[in-house]
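Before any comments, here is the structure.
For clarity, chains are labelled A, B, C, D and E in written order, and residue numbers in each chain start from 1.
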Amino acid sequence: MPSTITLPQNPPPLKAQAKDLDFYYGDFKALKGINMPVYENKVTALIGPSGCGKSTFLRCFNRMHDLYPGHRYDGSIHLHPDEVDVLHKSVDPIEVRMRISMVFQKPNPFPKSIFENVAYGLKVRGEKNRTVLEDKVEAALKGGALWNEVKDRLDDLAVNLSGGQQQRLCIARALATDPEIILFDEPTSALDPIATGSIEELVGEIKHQVTVLIVTHNMQQAARVSDYTAYMYLGELMEFGETNDIFMKPKRKETEDYITGRFG
Amino acid sequence: MPSTITLPQNPPPLKAQAKDLDFYYGDFKALKGINMPVYENKVTALIGPSGCGKSTFLRCFNRMHDLYPGHRYDGSIHLHPDEVDVLHKSVDPIEVRMRISMVFQKPNPFPKSIFENVAYGLKVRGEKNRTVLEDKVEAALKGGALWNEVKDRLDDLAVNLSGGQQQRLCIARALATDPEIILFDEPTSALDPIATGSIEELVGEIKHQVTVLIVTHNMQQAARVSDYTAYMYLGELMEFGETNDIFMKPKRKETEDYITGRFG
Amino acid sequence: QVVKIDGSSTVFPITEGVAEDFQKVKKGAVKVTVGISGTGGGFKKFCRGETDISNASRPILAKEMADCKAAGVEYYELPVAFDALTVVINPRNPFLKQITVEELKKIWEPAAQGKVTRWNQVNPAWPDAPIKLFGAGADSGTFDYFTEAINGKSKASRGDFTASEDDNVLVQGVSSDINAIGYFGYAYYAENQGKLKALPIVNPKGQAVAPSEAAVLAGTYEPLSRPIFIYVNAKSLGKPEVKEFVEYMMKNAAKIAKEVKYVPLPAKAYTGGLEHLNKGKKGTVFGGKNEVGITIEELLARETAL
Amino acid sequence: MNAEKTLAIRAIIRKARRYDLLVALLGLLALSIGIFTLAALFIDMAVTGVPRLTADFFLNFPSRRPAEAGILSSWVGSILVMTVTAFVAVPLGIAGAIYLEEYARKNWITDVIEINITNLAGVPSIIYGLLALGLFVYTFKLGQSILTAGLTLALLILPIVITATREALRSIPQHIREAAYACGASQWQVVQHHLVKYATPGILTGVIIGMSRAIGETAPIITIGALTFIAFLPPAPGQMNIETGQAAGLFDWLWSPFTVMPIQIFNWTSRPDPRFHENAAAAAFVLVLMTLSMNAIAIWLRYRLRKNIKW
Amino acid sequence: MAIAPPDALPSTATHSPRGEARLAEFAELKKARQRRERLIEAVLFLAASVSVLTTVGIVYILVRESISFFSHVSIWDFLTDKQWTPLFDDAHFGIFVLMSGTITSSLVALAVAIPLGTVIAIYLSEFAGHKTRETLKPLLELLSGVPTIIYGFFALLVVTPLLQKIFPELPGFNVLSAGLVMGVMIIPYVASLSEDAMRAVPMSLREGAYAMGSTRFQTAVNVVVPAAFSGIASAYILGISRAVGETMILAVAAGMQPTLSFNPMEPAATITSFIVQVALGDLPHGSIGYQTIFAAGLSLMLLTLCFNLLGYWLRKKYREAY
């Protein structure tokens, strides 16, 4: 079944584009021929029922699947402007991950200090100069709306922060290295409504400097934070379009059913 | 702050009643002076933001807290018709649990066969007769809307069922012993919408034979399945009343804010 | 029906051989256990009446006699073979042809500890090479005998040498080190002649004699020849299986001693032993002292005098 | 992204990747040192020992004649000692672990037990030998019997069994316990119907690993004073004694003198005649096969039984 | 529709007559069950206390014999004498001589086991594929299943001659060879436990590191090892206890020469090898020689106790924080 893709009238510049993307967990085909644009400095939400392949799709962008044996890609994801295919065998996944950061469902700070957590990506990139590190960490923590809460205890262990703070720390960590895209996989599902609110706000802010791809279960969240929405079902991209259109006048009955909760 | 409790015009018979219930996790007071009726053969939903004490309250009913040192009750929960206080020191928590079953957030079947899972509660009650067991297991599985799917593989391991099936199995396990009340703690939060739908349907059916108390994060769910709703906040019962009233014309601003998602 | 034997590790191979054959002859009706807890450890149990027979690589000492007496244990002393303590060196050693007791003493006396570490300190004619020492474990009868014979006092020795209860360890050590010298029972040398060289010892008469059966029999391998014994609890001898075992042992000890590379006594020594048993001649002929350099002749003379 | 930046990143990655390669190589090297040692050990023993592995070798008592000597008394001894060890250590260990994991309240007594068990796991085996010598042999007067050896080794492996059982119990998720309690089970029923059953793979692995350690233990057995020439088997229950005409009691064998495989090996290696060293190698080969197969069984069980238990 | 305050709830007497009756009934039932459960608990408690009794037994035996030992030998001499010749005519009881052997051999062993074990653990947990790990780890674990006496002869008959090809001066008995083999024997303890600890680090943490662009090595060193630190520390401590307590390898291959030296190229006696050596010999129960092994055992016990307490403290301090 072909996807219903409604491109915007005046499309913003492309940041990435999935082309005929298939994905296999061993013998199980989890993604089926996905074609989808990602626009620069916009927030694109991936929605769909549990198990439809949202996380799977998201994790293709930074080659996270390479960590596990038997996971296989087919097709391509082109990254603009240089149009490199991040899934291509000759492309180093580490290089991809240096350009595309990720924030996970459960906050996963490293068992290190707050400072070290944020500085980590920079260190991996070979940055050793302490002042540079300090400046960038500060900027990232400010970007992650966490600076005021932690500026006096940068050397405390990150695991002692509250869940919401940890998640913002993870966002700061992802921001610190100036990535081109940040992937969010249900970043608020482990958080309470207040922490959720602050993360949503944050996503709205960072999109001015970085392209965002976010998986969420929460329709309201998708509606609130995203510019474009993709509805997936059983490994296929059913419908893609501007968020307002998808939520107000979906083209497909399945999308509408899902969004209004009349699913199944 | 006193709770706003709206009793129905013609209240159905009481099944249980919490009176001045306080609860402590060590020094932390998680429930504060809760007074709430539970009506027979009705579904009562507990809603409220994360951490407000819904699970804590629910787990008082079957003395689940007794498993952990330092957890302390104060006040009483009277069970009708015999009006015994289930929290009273002289009451054996095992007796209480035999009368009040529970279904958990994450399906938690024992790593045993489907049959043994359902039969377990009966075995604990000393039932050894194989035919009696078989009959009751069949009845419970039918009650749990699972019989048709598993009748040919009762000896298979329960953990090989899908998540939704496992949860229905857990409901069957809870039903098998003919409890007076069943407690549900976010029974669908780990499930996909389809499985969720079938569990909700099931709750609607079993309330004809048993009183149901259900914790949920999902407003729609509370609205769909329950007859009465209690809104909790920071360990207190804020408002209790018929579900329609709570959702349509809540008496308190906090309740309304929470329900409409304008919380925080 | 258990015959309990314990004691010296030196005597063990002989007793074990006898026990093995004896149990075969008796078709399993009698069980014999042979333990190794050393001569002293053996006597300790023996004098508490815990064992029927005690293996000993030296005569019973005054203290042990007193213990036995206190517990009312009487015993027969039966010599079963002779052992030649052998001083061994690495076969590739180019300069050692023989050694005197004085030289051995210089090497092994307590005062040598940490000081005498090179061969030329012992004898200026020898090269300036390190001495590597290997010796019997400090709790063995062999150690007691060697120190008494060489250093003049039992248990007086330097401490900085490789000591082992397991003589193979010593064989291994000496055979892998060109500067090594060590000592242990003849049997271990006999089985490892290819890897070791036995150093002839200058005896009190001034002859350099290498250890051998003939030399022991002739009484020329001195002062390092020593008799080894079993002691039999007189009360246990009342038990038919013990009596039978001892008689069997006296008849077969010579053969088995030879088999396990000890020097058997002349036949009359064994018949003499049996005679003591039959005539009830209990006790020791050594008066509670360990004696050094006793020959077979002297031993037999004393035994008949009992 | 501009090309310059790409090149810079690539250079950094290339440098970082070198360590990957280095560690992988070091890891393989280290592993092969271990595995090469194991192979060398095994081949060394096999080459010297295997020619001696005839049926007679297993059915003969030790002998002063190397060609006739066998390991009958020692393998029977090992098995009997292991039996005692298992009968003592397994129930005690499981019960102790259940107490600590499921019953013990958090107070100083359990803290003491806890520290104590970790500490015992690190106590050298020779110390257990000293304990056995002072306590079982001289104080309780159990003698140098199968019982003494079995008890000694049981104490030695008790921490292993306890720790393995606790690990296994701990890996059972709390929600399984809650589910069982919610069905109205009492604490003991939860333990009996659920915890012990689900912990079985872990417990079994621990027991087998403990036993395979015990079967190779030499030092504590030496300390209690074994190393004896034994050319007979302990009395089987009901076995007639030819001379007295009495049948042996059900537990008489417990009091019997014994020898075990490692002691036999030690004994043979310390003999002058080099042909005994071949016997020792053969016996060592058998012993290593015994322990290795026990370990292999443990590993196999771990994978088999765990398959059926998921949460 | 009425808005009611809480006290307007249908009232039920806290102790209605029916409630009272049932309460009494319940109390009976509860008592009966509790009696049964208490009995079971008592039995289980007894089982758990066996381990404490074992320790008490060990301490009692060691201390009892050591007390009579120290009535003959002053503690000062015990700690400061530079010779250990307890069974000689001129007896010296300088435990430090044996300690030096124990320490030297342990250091050699740990110098092998800790780096190799750690590298293996990192390799298995972070680099090797699933199949490789599942085959290599059990294989490696078999190393710890080989009886140590067999390692002893392996060190003496195979490793020492090999080492002598490299160091012709090396005596036939030496700490080096015994220590190296002991190290290999300890590798699986260190590797296996460290690997378990590293495996237990949740994948989410690793994903976090990889998502930042880390290599495997960086992930291992920066994230996995710190997160698993307390488990790795326990593995090291167990390795140390093993090394300090190892007996037969040293008894067979290290030469039992009690000299105060830390040179691994020389033979040495350790506390453990002294104990077996004496146990093999003819020490009569109750003699001073017999007591020395308990005094030596006590020293050994105290030594391992220090390490174990250190391990306990490390575990407490660095509980896994993920």
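As a working rule, contacts are C-beta pairs under 8 Å (C-beta built on N, C-alpha and C of every residue); 3 or more make two chains touch, one makes a residue touch a chain.
All values derive from a computational prediction rather than experimental measurement.
Common neighbours of chain C and chain E, listed by label, are D. When every chain is reduced to the mean of its CA atoms, the largest separation from chain A belongs to C. Ranked by the number of C-beta pairs in contact, the top chain pair here is D-E. One simple way to say how far apart two chains are is to compare their mean CA positions; for chain D and chain E this gives 15 Å. Centroid to centroid, with C-alpha atoms defining each point, chain A and chain D lie 51 Å apart.
If each chain is reduced to the centroid of its CA atoms, chain B and chain D end up 48 Å from each other. With each centre defined as the average position of its C-alpha atoms, the distance from chain A to chain B rounds to 36 Å. In chain B, the residues that touch at least two other chains are 94-95. Shown for chain D are the residues that touch two or more other chains, namely 13, 16-17, 186, 225, 227, 269.
For chain C, residues that reach two or more other chains under the stated contact definition are 36-37, 165-166, 169.
Chain pairs that touch one another, listed by label: A-B, A-D, A-E, B-D, B-E, C-D, C-E, D-E.
Those residues of chain A that touch chain B in the shared complex are 49-51, 192-194, 197, 220, 258, 261, 263-264. Looking at the complex, you find that chain B touches chain D at residues 62, 64, 67, 69, 94-95, 97-98, 101-102, 104, 106, 108-111, 120-121, 123-125, 157, 159, 170, 173-174, 177. Every residue of chain A that touches chain D in the complex is listed here, in rising order: 81-82, 92, 94-95, 98-99, 124-126, 180. Against chain E, the residues of chain D that register as touching in their complex are 13, 16-17, 19-20, 22-24, 26-28, 30-31, 33-35, 37-38, 40-41, 44-45, 91-93, 95-100, 103-104, 112-113, 115-131, 133-135, 138, 155, 158-159, 162, 186-188, 209, 212-213, 215-219, 222-223, 225, 227, 262, 265-266, 269, 280, 284, 287-288, 291-292, 294-296, 299. Residues of chain D that touch chain C in their complex: 61-64, 144, 225, 227-232, 241-244, 257, 269-274.
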